[in-house]
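Below, chain A partners chain B and then partners chain C, in two separate complexes.
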Partner chain A sequence: MKNSRFITWMTWALILGMFWTVFSRVSPDRPKAQQDAVAKEGFTAPNFALDLLDGSTVALSDLRGKVVLVNFWTSWCPPCRLEMPAIEKAYRSYKDIGFVVIGLNLTAQDSEQAAADFAKEIGLTFPIALDRDNATGNLYRITALPTSYFIDRKGVIRSVVVGGPMSEALIQSKVEELLREGE
Partner chain B sequence: MFPYLRLGPFLLQMPLLMLFIGFWIGSTFTEREAARLGLNKEKINNLIGYGLLGGILGARLVYAAQYASVYVANPLGLFSLSTSTLSPIGGFLIGMSTALIYGYRQKLPFRRSLDALTPGLAFFMISIGVSHLLSGNAYGSPSRVPWAMYVWSDYRHPTQLYEIFLALAIFTLVLPKVLPAHAPGIRFAQFVSLSALARVFLEAFRGDSVLWLDGYRAAQVMGLLVLIICIVLLRQWERIEPNEASIW
Partner chain C sequence: MKIELLYFDGCPSWEAGLESLRTALQEEGISASVEMVKVETDEDAERLKFLGSPHFRVDGMDLWHEERETYSMSCRVYSTPEGVKGFPTVHMLREKLQSLSGTP
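Now for the complex of A and B:
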């Protein structure tokens, strides 16, 4: 095939492509985020309600309007332990402007006592939720620890970080980006 | 989907591994093509290396610049191994610029160098599709076609498989002797135009498209623009004799 014929084909393809682009346009009324609750970037974060270490409870759905970091961890996981001070620092810096952290302990693979001892040792002030039956871990398809979900004010997962430890800069840049959106 | 493989204390990111494999095999295709075109293999390898290095550094620096106050307070964050703190557009632009500067300084013939890179890039596109299949990214819109895949809580177009098939077809087409190219740069322009066309077609089945004004998919609009540029280049490069000393 000569180049001139290739150019002719591409020109026709361009015209068809323009029609295809118009034809496959998405209705502006369609919501920007996926409606289903799936533990994946761009989807609504699956809801959960769990007991906290201090005896109270937390439901993710109650935190709409806030930027949420859900961090799955266990006390025996070294990178989880390493990144906790950075998470705590970010929590203290941004909690007054709409940032919440849920330290979600996979208690079925850990123990409440070990989680409590670790939280005390590091001086964690954010809520520690207890996933006693691994139901939330399964809901979020946790395959590695730590795993962190950054959720925007509308409850949409915007970033997932698998593995760690996360640096302070990573956490703060993700949180600042989401906090800015609400301004 | 098979996003992670745990090897003892290490977590291997399979999509990333696939990109590395694609890059490695693609480089060997590029090396062979460079030899066939009579280019200095070492210089072409350096061009890729500098482009890649510039791309990675650029992606991190542009991301850090967007959150300057955070990185000024935590400069060690610049050296984080996380891929979450990279700016893809920044990386692309700075990587391209670095490769261009290296090619210009080494007096590499621009159009023939692009031709040498073409088979490698075409193979790398296949690995991007496989990487998407492993990660579950670039997923399709909900569909009830018989070949729909159940992913992310719905039956969806298997757009990752479409992507792999189209990339394979393009890789085959841009191999020497399949689609003749009679002037330097033509093969590269053919590859880019076919890839842009594939993107325009494929994007319609995606469930995660970035939308622009009035619901137009950004990737389709960009694909059409790239296709127009390629058609212009194909016409020009066919007519103009290449001046090997000049960048164009």
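Now for the complex of A and C:
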């Protein structure tokens, strides 16, 4: 009798264990960031929602399905300024086929006016987001400016470029590669 | 003790970084002078493993070490108690100097 109860108990434990193993496993297709969101290659880009210079707002999560370049910058950072024309050129070339740029200004280390003046001077047409309280810079653990994140259509960070200025060719090759994946 | 500050002119925060470093050295009673290393090209940045201006190095060791695949011209930013800044606080520098010398 005791043996029978023990066998029944062990059978249930085994069945429950199998269910746990199957349902708690991580699918190889599932982005790593769903377990632990960090701003590194191979991980889902941490979400943020910020005001834009034009008064509207942007949320990274709303851009799923598009290839996104998030470029952290300030107006006083020379390499940031130098690479902006190349970023603008790429944006104009690919925006109609699913490419978005967010120029993420570390406004707490800059000023909204300086950011606006610079955007006007260069003729930037992509959205300029304002990180007024450093929250997004902290979330992405930015250690140098500029820093650029190339994010694929699934929202996964595929490449991080620290420093600059990035060349037109570099930006184009990274963007084209990610755009091709969605074809 | 060899103390280096790697910088490039474009990032204005290196001057404040140098001031913080000098204050931290003084408060720690370290009399070594600061060797200024100007980084002017991407080739310099690669060769020196430049992490962005201002970059602090003591006896060849980075005070805020970071592994990167490539090194290029950039402005370093530091996570301070007041948020992300272009240079570390005197307190942060003192802590790093203490950890190198093994004093609490």
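Side notes on the structure shown:
One rule holds in what follows: the second predicted complex is superposed on the first by the 148 of 183 C-alpha atoms of A that agree within 3 Å, B and C clash if a C-alpha of one lies under 4 Å from a C-alpha of the other, contacts with A are read in each partner's own complex, and residues count from 1 in each chain.
Criterion: a contact is a pair of C-beta atoms (placed from the backbone, for glycine too) under 8 Å apart; a residue touches a chain by one contact, two chains touch by 3 or more.
As the structure is a computational prediction, the values presented were derived from the model and not from experiment.
By the touch criterion stated above, A:38 is placed in contact with chain B alone, chain C being left untouched. Legend: residue contacts after superposition of the two complexes on their common chain; A:76 is shown touching chain C, with no touch to chain B.
Shared-chain residue A:49: touches no atom of chain B or chain C.
In the superposed pair of complexes, A:159 makes contact with chain B only, with no contact to chain C. When the two complexes are overlaid on their common chain A, residue A:122 makes contact with neither chain B nor chain C.
Look at A:172: by the touch rule set out above, it reaches chain B but stays clear of chain C.
In the superposition on chain A, the chain among chain B and chain C reaching more residues of chain A is B. Of the two partner chains placed by the overlay, only chain C lies in contact with A:137; chain B stays clear of it. Comparing which residues of chain A touch chain B with which touch chain C, the overlap comprises 78, 143-144, 162-163.
For chain A in complex with chain C, the touching residues are 74, 76-80, 106, 108-109, 133-134, 137-138, 141-147, 162-165. Across the interface of their complex, chain A is touched by residues 3-4, 6, 9, 11, 13, 63-64, 66-67, 70-71, 73-74, 76-78, 80, 82, 84-85, 136, 152-154, 179-183, 186, 190, 193, 197, 200-201, 203-204, 207-209, 211, 214-217, 220-221, 223-224, 227-228, 230-231, 234-235, 238 of chain B.
Of all the residues in chain C, the ones that touch chain A in their complex are 10-12, 45, 51-52, 64, 66, 68, 70-79, 83-86. Residue ranges of chain A in contact with chain B, taken from their complex: 1-4, 6-7, 10-11, 13-14, 17-18, 20-21, 23-28, 30, 32, 34, 36-38, 40, 42-43, 78, 143-144, 159, 161-163, 166-170, 172-174, 176-177.
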